[in-house]
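Dropping the structures in below, format is structure tokens.
Shared between the two complexes below is chain A, which pairs with chain B and chain C, respectively.
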Partner chain A sequence: MTASEPLLEIRDLKIRFQGEAGPLNILQGVDLKLLAGETVGLVGASGSGKSVTAQAILGLLKRPPLLEISGQILYEGSDLVTMSAGQLRQVRGRRIAYIFQEPMSALNPVFTVGEQIAEMVVLHEGLGRRSALNRAADLFAEVGLPDPRRRLNNYPHELSGGQRQRVMIAMALSCSPQILIADEPTTALDVTIQAQILRLLKRLQVERRMALLFITHDLRVMAEIADRLAVMQAGRIVEEAGIEALFHAPQHAYTRQLLTLIPGRGGGRVVP
Partner chain B sequence: MFAYLVRRLLLLLLVLFGVVTLVFFLIHLIPGDPVDIMLGDQALAADKDALRHALGLHRPLGNQYLSYLGDLCRGDLGLSIHSRRPVLTEIGERFPATVELMLGAMLVALLMALPLGIISALKPYGWLDGASMLISFLGISIPNFWLGPMLIILFSIQLGWLPVNERGGLEHLILPAITLGTAMAAMLSRMIRASLLEVLDEEYITNARAKGLPERLVIFKHALRNALIPVITIIGLQVGVLLSGAIITEAIFDWPGLGSLLLEGIYSRNYPLVQGCILVIATVYVLVNLLTDIAYAWADPRVRL
Partner chain C sequence: MFRSIWPYIGAGIILLFAIGAILAPWLSPYDPYEIHLSEQLAGPSRAHPLGQDANGSDILSRLLYGARISLAVGLSVVALTAVVGVLLGLVSGYYGGWIDTLLMRLVDILLAFPGLLLAIALVAVLGPSMRNVVIALAVLGWVSFARLVRGQVLSVREREFVLAARTSGQSDLRIMVVHILPNVLSPVIVQATFGIAGVIISESSLSFLGLGAPPGTPSWGAMLSQGKQVLLDAPHVSIFPGLAIMLVVLAFNFVGDGLRDRLDPRGGSGRRG
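Take a look at the complex of A and B:
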């Protein structure tokens, strides 16, 4: 694959949800490209459709509320939108992994974290349970969890918030995916922990040459982690540019407005 | 854990003391006494008095109560008034039949409720969900004393597939277990449906799918394991309902269990027997609740005893 050819390409993605008072146009033609090894930041106000876009990639939207989906999500030449459930399962977790915002609610409370990673490795790579657990322990070490062997037998509630998000990251890495989607992976964490998790994600992304689709509404975070930014507003991508270009010469009014919210820029201040 | 068990067992003793006391005075409030019933209305007063003395029933009630408690502490439940055999022996003969009936009913309930509840939750508001709701509604509203005879008429008398009465092999257990288990099945299936629906909305279920797990694992491992945790508590509470239902069911099917023994005891004002039966039933109830709590803690790693 050449560098210019996108690993993942979303074309004119339109999504309608069933609302209380009738159908809602949640996504109104989203176009987005993700190249191999790059980090694309998806920013936008709350409710602009970032999570819906991310979940649509892996076909995670439930019916209801999902009513209608059209457009294409091309991954390695096949369309994830029309792909069979069986084929899609080969992509989920294995080629494209997803990190949720709230590790506490995304981890199953009744299984050990070791088990929740191992089951995935057993399934996708046909490893035995013991080797799968060894893999999980190695991953725990890689994401900086102390005492990785012992962590295997911990239940989610026995870990701190930061540790849980590290577990989620380890889980996402477990089958060496090409693409990582992280939906606000740090918003649920303390500020100091946030910085650690960000650095960890960035490091892993570079080391493992993964493409990262990183969602946040914090532009400061983006400046640290992203190569390119896509700005989303009301179900559309309104601006897409390299991080430098976007910060220095924003084209769209909404982007300019977002930039004023960064302290030390344009005299704006941080809105709590 | 150990301290917890000790606390719960002390509580058990307290509950049993309360039950014994309550039952002792309540059954003496029921009009009629065992001597009248044994000897009949025509008997001579002298004969009645002699029997009363022999049974110790002439003593003041408080006196009888204290000596009953004393015996109880030594594990002696007294003698059955009529057969003069130890109450404990009579209960021991009947108890296994009741346990068999209740286990059978619980099995029936789970075998019906699990598939109904799961199917309903997977396709809520579909026609299968509607059908299962209707079945549950019927199951909850049909009383045992109607369902039992109906089953007998259909399967034993009309079709001749199953034996009518008494305890025996597995084929004897089927109809009583269905009679007793149906209401519980109906209740449980709605519970399982509601619980599973709630769990299916959790983010860890979406995450399980995002990991690429097949639906089979998503539902039967990740969702069901969580959905059944609250159901454990309901099953524990339902054991009390099953116990009271067993009394009626045993009467319908001539099932030689604790329930029919208790009824015989009440008809004949067999005080020690009635007290013994109720004591055993109360003990079972409290122990099952303890077991339920332990099972709950075992199923949910967030709960520590």
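Take a look at the complex of A and C:
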């Protein structure tokens, strides 16, 4: 694969949901490319279709409310939209991993975090339990959890929010995915922890040469982490540009509006 | 573990009855089938602490053997119905759609029958025997488990860790068994303890009506029924099996209450997730 060939390409993705008052056009033709090793930020207000786009990539949308999906999501030449459930399971977690917004609810409360990571490793890589737990401890060390061996035996409720998000990241990394989708991974955390998690994600992305699709409504977050930004509004990508270009010379009115909403920025310019 | 003393008392009573049931052949002072017509309806005495029944059989011995029937029927019906109900509830709640509609309408239909009446009708058709009592009670018993589990699954399946499990490439079966099931088991355990109490009463009721164990078998319900005919002359014949039923049912309810408080995360002392 050449550097310019996209790892993941979304072409004219249209999604309709069954709403209470009739069908709703959630996505109205989304086009997006993700190159190997780059970080793309998907920005937009709540309800603009960011998470739906991300969940569509992994075929996570349930019918109902999903009514209709058209377009293509190409990953390594195959279309994820038309892929069978069995094939999709091979992609999920192993090639494309997903991090959720709320790490508390994304971890199963009745198992220790070590068991949950080991389970993924056993499932996808066929390792024995002991080696899977060793791998989990290594991953905990990699994501900067203090005392990783002891953390293995903790239940989710025994960890802080930041630690839980590190566990989620470790879990997502457990099978060395090519693409990491992070759906507002720092929104539920306080500001200092947010910065730590962002730095961690950036470091891991560079070290592992993963492609990172980062979803957020917060442009400030993007300035720290993204190479390229795609701005979504009402189910469409209204502007797509490199981070510098987008911050310095936004083309679309909605992007300009989003930029003025950054606190402390007012109408002026801020260097990303 | 429990905040009040009652669950411990309940567990103690159940343990005592369980030991009595298991060790009945060694603990009972007499053969429960032994007939002494000359001593019929004799009251409690040193030789027969709980007295003798209309056949002159020793009531204590019969109670100990009767505990075997009550506990065995209670446990087997609840084990059977819990397994079936949990499986169906899990599938119904997880998949939804027509499977759910079909199963839940079946549940509605079964719930529309008065439970004991249906059991009576079934035993009347199948013929009175302990095995048929178990079948009759199981036919309705799974319904409450299925409904309970389905409701729980409906809420748990929407939680993010289930979605997270799907994003990590796990199969439906694995998600149901590994991720959802452990999160819905607490109310099932509580329901099961109350269920045992209910089944013991139903079994006693069926035996009381002559639809349970064959005549002469030392079943608490049948003993109560026999005692009814001589209630005024020899109340001890009914009182002791009645007390046994009440104690065991009460004990299971104490344990059920305790488990419910312990396992309910909103209770505060349970381990929260």
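We adopt the following convention: the second predicted complex is superposed on the first by the 263 of 272 C-alpha atoms of A that agree within 3 Å, B and C clash if a C-alpha of one lies under 4 Å from a C-alpha of the other, contacts with A are read in each partner's own complex, and residues count from 1 in each chain.
Everything that follows uses one rule, which is that a contact is a pair of C-beta atoms (placed from the backbone, for glycine too) under 8 Å apart; a residue touches a chain by one contact, two chains touch by 3 or more.
Quick caveat: nothing in here was measured; it's all calculated off a predicted structure.
Asks: Check chain A with both chain B and chain C modelled on it and let me know: fit or clash.
Replies: clash
Asks: So, does A:H124 touch the first partner chain B, the second partner chain C, both, or neither?
Replies: Both chain B and chain C are touched by A:H124.
Asks: Mind working out whether A:F100 is in touch with chain B, chain C, both or neither, as first, second, both or neither?
Replies: both
Asks: Touching A:Y254, do we find chain B (first), chain C (second), both, or neither?
Replies: Neither chain B nor chain C is touched by A:Y254.
Asks: So the two structures are superposed on chain A. Out of 4-12, 22-30 or 40-48, which stretch of chain B collides with chain C?
Replies: In the superposition, chain C collides with chain B along 4-12.
Asks: Using the superposition on A, tell me which residues of chain A are in contact with chain B and, in the other complex, with chain C.
Replies: 58, 60, 89-94, 97-98, 100, 102, 105-111, 119-120, 123-124, 155, 157, 171.
Asks: Enumerate the contact residues on chain B facing chain A in the complex.
Replies: 202-204, 206-214, 217, 221-222, 225-226, 229, 299-302
Asks: What residues on chain A touch chain B, complex-wise?
Replies: Contact set of chain A toward chain B: 55, 58, 60, 62, 89-94, 97-98, 100, 102, 105-111, 119-120, 123-124, 155, 157, 171.
Asks: What residues on chain C touch chain A, complex-wise?
Replies: So the residues of chain C touching chain A come out as 159-161, 163-171, 174, 178-179, 182-183, 271-273.
Asks: Report the residues of chain A in contact with chain C in the complex, numbered from low to high.
Replies: 58, 60, 88-94, 97-98, 100, 102, 105-111, 119-120, 123-124, 155-157, 168, 171
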